[in-house]
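Look at the two complexes coming up: chain A is in both, with chain B in one and chain C in the other.
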Partner chain A sequence: MKRFKSLMIGALTAVLAVTAVGCSSSSEQEQQVLNIYSWADNFDQDVIKDFEQKFNVKVNYDVYGSNEEMLAKVQAGASGYDLIQPSDYMVGTMIQLGLLEELNKANIPNMGNIVSTFKTPPYDKENKYSLVYTWGITGIAYNKKYVKETPTSWNDLWNEAYKGRVIMLNDPREVMGMALIKNGFSNSTTNTKELEKSFADLKKVVPNVVAFDTDNIKQKMIAEEAWIGTVWSGDAAFIHAQNPDVEYVIPKEGATIWADTLAIPKGAKNKEMAEKFINYLMDPEVSVKNYESIGYSNPNEKAYPLHSEEYRSNKMVFLDTADIARAEWLVDVGETLQQYDRYWTEMKSGR
Partner chain B sequence: MLNKKPVKLLALPALLWMGALFVLPMLMIAVLSFLKRGTYGQVVYEFTLNNYIRIFDPLYGQIFWDTLVVAVLTTVFSILCGYPLAYYISRLEKSTQQIWLLLVMIPFWINFLVRSYAWVIILRSQGVINTFLQSLGIISEPLPLLYNSGSVLLGMVYTLMPFMVLPIYVSLEQMDRRKLEAAYDLGATPWKAFWHVTLPMTKTGVVTGSILVFVSSIGMFVVPDVMGGAKSALIGNVIQNQFLSARDWPFGSALSIVLMLLSMLLILLYFRATKASETKEGSA
Partner chain C sequence: MKTLRRNALSGYSWLMLVFLYLPILILVLYSFNDSRINATWTGFTWKWYVSLFENRQVMQALMNSMTIGVISSVIATVLGTAAALAVKHYSIRWSNIFNGLMYLPIVIPEIMMGLAMLVLFSQVQMELGKVTLILAHVTFSMPYVMVIISGRLADMGKELEEASQDLGATPWETLRYVTLPLIMPGIIAGFLMAFTLSLDDFIISFFVAGPNSTTLPLYIYGLVKRGVSPEVNALSTLLIVSTVLLVVVAEIFRRKDSKNNQSIF
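Moving on, here comes the complex of A and B:
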């Protein structure tokens, strides 16, 4: 989901290499190791340090740039990781492929703290294998300077006044999902008729599109190359901080919700420590520190009253529970993915 | 005879390298292209021709065609811009030549993505060109310089032109200048001398450069994404999507194999064509 983060890999690994060298000499007595494989910048550095001290454990942190990259590595076996962060749909895929360990809930009492809708996501209905960590909703970000009327519907992207100024995520499932929701269908439909109708509709918006972009969508909104578009809530918060003219709404038809989760790959060596880490992250006070630092939405309902006024008043980070309930998850569509991909290719080819 | 064996041994590391990093992955791709995609995107080890049958969908034919058009245009523009540059450099003093050649090569030291984004900063609506023109009052609205097929072509030619300039420069350097003097002595105009002497004698450079540029542009997917706003579907983008979003490795492999065969065929035809014109000239 967050491929833009891969740009940070280089810098981060360099920093980690230096800190790893610095730490190794400190305490030699039976120190345990927790190997994390995740997106770049996904944790507050102090939160990890506190955890290391409290549990006398050494945390190693490797990063990936896409779910597919992570899947390939875990699938190849013997990855040596104890904790991974697959996105929602990837959790579903990995469960089907038998690549995830069941979580031992006895070790994660804080699991109960999360928002109730996150306790029953369709890709892992009972949180047997995964727990939502960072999440957001794909809504409409728009620049007040050019978009005078507050958008209320996905249909506003089709408005001819925004010709050449609409931006969309460069992601077939996200964009097709948006068109499906606009037409009143599920964003993960496998019904050919529904796909066909939504695609015909989607084709009409293409002349309005300035670019499809996931990695640099924020820059394009900040620099006002795009006036309106499909943007993740977390990115919208980042854009708004740089360009206060940009606002964010969740359209009335509903929207797609996504999450990067905490999960344990099959054959993890230190499963118990991974569970302790998950539990630690879900501690209300720790989570407040962690999420205010990384700037993502906290799924921890127990922590809500503890957050700063600034965090709570930011509508792009502190989303309404009603909006969460209204949003829909993307789930694996199996064979139908071929049709999604073909439609996507057809749309791009301009025919 | 005696020293043949050590020479063979010296080539061994390179051969192993090629075998491990080129031939093996190539074989894997070839095998993958005949396998099935499982429901969850995994590779299922069952033989099928379906991936190749899917390519006959006119949509993919169209995309192959579009890709070829872009690659040919990139090659032609690279020759048109690259040949005069190489010619100019080859006529300079030796020491100045080295500076120019360095200038041609320096961009290679900078990451390709960074260079593409530099173009974005120059061309975008709040970019260098538009802000400059607006401040002079020449335009009132920013010009749409970016995210269209023109900017894609610009990006491709910019990125690949050194591959054209360097081989042409080398062949210009190796050219026997006395033949040019002879042409002048026999009364040829500069244009005639260029057309009948210089150009034929530097054809190897043009051919080498063209193949390098053509092959590189046919698989290009970063430039259309960054400078074209990911709005076009070239075959490189479609293949990338099979591996990343559609999780259909077998189909992506089949597309790669077809792309490879197609470029090999085109290069072969190109060689034939240039060879044919060579013999024609020789007999004339």
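Moving on, here comes the complex of A and C:
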């Protein structure tokens, strides 16, 4: 009887103690906490560890799988994060919804280190709320075993020789944007005539397409199921490492550029620490270590001379500044989006 | 003729098994693949498992899953056992309705539960994190514990408890020396079930997770965004293996339970 009671009490105390530890870990006495909400594997582990030691801070790093998911969490208002990583268009949306804090540039002197294109992105023209962290350009990846002539234009995807061997992203804005650029228009046009013309053109490429499949592009290119397609530069680098026959070009007509940024959600508890972290990531030497580890393109111009020869010679990661300047951002198209979606559905269901 | 039919039937059964387990088998197989992609087999390796254990994020997610799993299933077991006992012993008014309402969370779509809890937590301005995750996990696993223990209690009948009271035991002593020992295998099975559910849950956790509370399933989902890599396969394999082990142990306890039961009567 007694034994049982003390057992029960013991168990209960244990539960309470563990719960208390679980709760209090987020409010430890002296040490500050930085809560990051980001994509998986987006930082080098040692870079985070070094930051923790240098600034006596505990970094909590949680992950999301899509911008919309992150938006929902932040909108629910109870998220408690200090640093988030919205993509370009999502920065625009979040600014409009008033969900982002203005960055205090005095805390981020390294902000000036980035490539000039990234200082004036259309979604946040003066980097008031966001700073580019990872980025890439949607170009053409091709397997030189099957594609003998180096592609130079989006038009090469329309080549009948590649019937059933072209792979494309599963994204209406990306694919319609590509067709628009091919026809000499803006990738974010709101002009219905331009859209109509590009869509008619796009329909002709459909017989060539093996799949619209963003998630399996890498696999299909490596396994040589697909010979040529629209691929993000970062993915192209990954593919090339696994299958050296796959090369990458940015077509002469131009291409779409994207970025994931660093931003601070409204009401962040540790805004200053988040700014310190941003500044730390933009330090040239830290960024070299970070980007060579995660394999993305570094937006930090000051860091370019410090990169290893291997990184610099990889033209899928170390993109030409001229190509960056030529690339175009996707911007909000307002009501026209419905038309993009309608064309997209029509094209996919017509297959 | 008969053998033909039997062969056809067993063939069909095997096909069903293949249908159920082939995807999992492939997933497990490719976690040992030397190549970074799930397309071609290039050789056997343990390296993805090794790299998992060196990954601080994975270890953190594992710790989170364990903490949340243990705490939430202990609470769910205590509450579920108490509820099962209460329903059995006191024929409260509308006890059928009460019972039905208790089990409803089992059939409510998880996405509704998750959304409802997110709305509730943000209404009362509770910060999302480990605590909200634990609360949510208790909510959805408690009915399962109740089902398991109620079943055990129904099998047990009233006689033993009545006998105990006839012999002068207080209600507390009856609970302690008669009821609890008899249903203990059920309690353990219920606890393991709750733990398994907590470990595997994605949808509800997805809604109510906050800073520093990424669990393994949430982490796996985040990784898939970067393409399915062998690390994801390896992590999923570990999750599957531990789930299966837990369910087997729970089942052993449940079976032992009914065997004891037969020997008593």
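Everything below uses one rule, namely that the second predicted complex is superposed on the first by the 321 of 351 C-alpha atoms of A that agree within 3 Å, B and C clash if a C-alpha of one lies under 4 Å from a C-alpha of the other, contacts with A are read in each partner's own complex, and residues count from 1 in each chain.
Going forward, contacts are C-beta pairs under 8 Å (C-beta built on N, C-alpha and C of every residue); 3 or more make two chains touch, one makes a residue touch a chain.
None of these values were measured; they are calculated from a predicted model.
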item	value
First (chain B), second (chain C), both or neither touched by A:Gln338	first
Chain B versus chain C as contact partner of A:Gln242, first or second or both or neither	second
Touching partner for A:Lys193 - first (chain B), second (chain C), both, neither	neither
Chain B versus chain C as contact partner of A:Gly164, first or second or both or neither	first
Which superposed partner A:Tyr37 touches (first chain B, second chain C, both, neither)	second
First (chain B), second (chain C), both or neither touched by A:Lys148	neither
Partner chain(s) touched by A:Gly77 [first = chain B, second = chain C, both, neither]	second
Which of chain B and chain C A:Ala223 touches, first, second, both or neither	both
Which superposed partner A:Asp62 touches (first chain B, second chain C, both, neither)	second
Doubly contacted residues of chain A, that is, touched by chain B and again by chain C	66, 223
Chain A-facing residues of chain B, complex	37, 39-42, 57, 59-60, 62-63, 66, 124-126, 144, 146-147, 225, 229-233, 237-238, 241-248, 251
Parts of chain C lying in touch with chain A, wherever the complex brings them together	35-40, 55-57, 60, 67, 70-71, 74-75, 118, 121-122, 125-131, 134, 172-173, 176, 206, 209-214, 218-219, 221-228
Interface residues, chain A side, partner chain B - complex	66, 68, 75, 93, 96-97, 164, 170-173, 206, 209-213, 223-225, 332, 334-335, 337-338, 340-342, 344-346, 348-351
Chain A - residues contacting chain C, complex	1, 4, 11, 15, 18-19, 22-23, 25-26, 33, 35, 37, 39-41, 45, 49, 60-66, 69, 73, 76-81, 215, 218-219, 222-223, 235, 238, 242
